[in-house]
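The structure appears below as structure tokens.
Residue numbering begins at 1 within each chain, and the chains themselves are lettered A, B, C and D in the order written.
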Amino acid sequence: MKVFLTAIILAFTGGALFVNLGSIPDSFLLSHTASRFYREAVVTETGALNTVSAILYDFRAFDSLGESTVIFATVSGIVLLLSRKTLPVSSAGLSLIVKRTFGILTPFVFLLSVYIILHGHLSPGGGFQGGVLLAVITIIFCIIYGSSFDLSRYPPQRKTLIETTGALLFLGVGIIGIALTGSFLGNPSAWRGVPGTLPSAGSIVPINLGVGLKVGAGLAIIFYSMIQKTLKRQ
Amino acid sequence: MIEMHLFISYALILLGCFFALSTTIGILRFPDLYTRIHAGAVALTMSALLITVGTAVYVWELFLSLKILLIGVFLLISNPMATHAIARVAYRHRIAIPVSRDLSSRQKFEEDNRHDSS
Amino acid sequence: MTLLEAFLLPLLLVIAILVVAFRDLLSSVITLSVFSTVLAIIYIIHQAPDVALAEVVIGSGLMTAVYIAVISKIRTYRQTHKRGEKE
Amino acid sequence: MILAAAVFLVILVFFSSWRLLRGPTIPDRLIAADTMGIFLAMVMLLTGVFYNARLMVDVVLVFTVLQFVDMLVFAKYYEHGELFK
């Protein structure tokens, strides 16, 4: 009886959702005012070709500041919960072949993440995606070389320093925006450059860099805190 | 000239699809973990490489083709490495026993494990 | 709906059912990474490369490692708990 | 032609998911997931080239890196029974 009732409710909800999805007209959405404004004004007002990045880091940059504050709060909570008084766990890694191969491949991954962060206003990507790729480097170190290698190369204090640098870079760009344009996180027109080239799009590039450093270091701290073992209480 | 490089790219992609088909048949029909790993390493890498080169020929711009070829080079390095790690784990921890007609490989497997555990 | 989408959406459904149906947590996580890949292809078909990149990076790269770390923590807690009960 | 190859690869992914369902051991499932992931990366590349190549290639490049790291994480977890011992 319960299964029958569940099946009926599921079928009803699925049918309603399907009908709703089918009744959305395609051309209606793009001709509306806000999306039309974004489509027309992105290149002239910000100088960025990537519309999503321009909306995230120029029109709604204050919102992105709030999101990076959320990441900061998450990192603080996890570090408080999983205590810092821990052992660097193991130096056991995978086999020698994998270690040698990643000696070649890890700089490539770093280069890829820097490319995605710095080309955030031209091609898909941006601060968040490139930052997660930076955090993947810590995962590679912990998995393949053992987490004591990661502790010796990038200790948690240095990761915290990188994360704070990213946040301060974001706030500093906002304050420079106050000085140059009169509003917080404003996009100064002197930095705008030619759209389509690498040094363009005003304050979007340093904001991307700050978000990338912040997200990468924060997620690396989260992963490194989660794989550690706590000391046994004697 | 343009039709020529389109023809070459279609031929390469078709060959890659053939290797992909053989990979799937191998994964589905082989009796043993290690033979399946063999199918997933060799034929899959060949298929991915052929499709990548075919796509790079299809696009036919310098930097875009080089970027697509970079994917192929990365797959050429990475896929055998991943299958190597998986096969090594499965062999060292005697998760799957090789199925074979002759007893010598089975005996070698047992001896390796005995030597490992002692 | 293109021809490719007509094949990809049932694949998405099948893989989602597999994720829920597995008893083993590790198999579920393995299947979940495939799920996020299929979702990224659907985003690419709908001309949203930014969302596809975010989906690939989070769903296939980061969440798998974090899930595995969490499963590892749960297993060790359970083993030590059992051992403590035995003693 | 490009789309036909992509559809063919998706059908092959359908068949490979049988091994994901019925693998006797975890490494079988890992091999099946690896195969499906690389097939899907090829589908991603082909559809991206079909629609707008200049934007979509980065996604495939990032995905191949992350797929590789994924497989190594699973292998490391399965080697020790936990992520670190």
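Note that in this section a residue touches a chain if its C-beta (ideal position, glycine included) is under 8 Å from a C-beta of that chain, and two chains touch if they have at least 3 such contacts.
Only a predicted model underlies this, so the values are computations on that prediction, with no experimental measurement involved.
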Comparison of B-D and A-D by number of C-beta pairs in contact, larger one: B-D
Taking each chain's C-alpha mean as its centre, the one farthest from chain A: B
Cα-centroid distance, chain A relative to chain D, in whole angstrom: 23
Intercentroid distance (Cα basis), chain D paired with chain C, Å: 12
Two or more partner chains touched - positions in chain B: 74, 78, 81, 85, 88
Per-residue multi-chain contacts in chain D, two or more chains: 26, 30, 41, 54-56, 58-59, 61-62, 65-67, 69, 72-76, 78-79, 83-84
Per-residue multi-chain contacts in chain A, two or more chains: 94, 98, 116, 124-125, 129, 133, 136, 139, 143, 227, 229
Contact pairs between chains, per stated definition: A-B, A-C, A-D, B-D, C-D
Chain A partner contacts - residues on chain B that touch it in the complex: 74, 77-78, 81, 84-85, 88
Chain D residues touching chain A - in the complex, by the definition given at the top: 54-56, 58-59, 61-62, 65-66, 69, 72-73, 75-76, 79-80, 83-85
In the complex, chain C residues that touch chain A: 49-54, 57-58, 61-62, 65-66, 69-70, 72-73, 76
Of all residues in chain D, those that touch chain C in their complex: 3, 6-7, 10-11, 13-14, 17, 20-21, 26, 29-30, 33, 36-37, 40-41, 43-44, 47-48, 51-52, 55-56, 58-59, 62-63, 65-67, 69-70, 73-74, 77-78, 81-84
Interface residues, chain D side, partner chain B - complex: 1-2, 5, 8-9, 12, 15-16, 18-19, 24-28, 30-32, 34-35, 38-39, 41-42, 45-46, 49, 53-54, 57, 60-61, 64-65, 67-68, 71-72, 74-76, 78-79
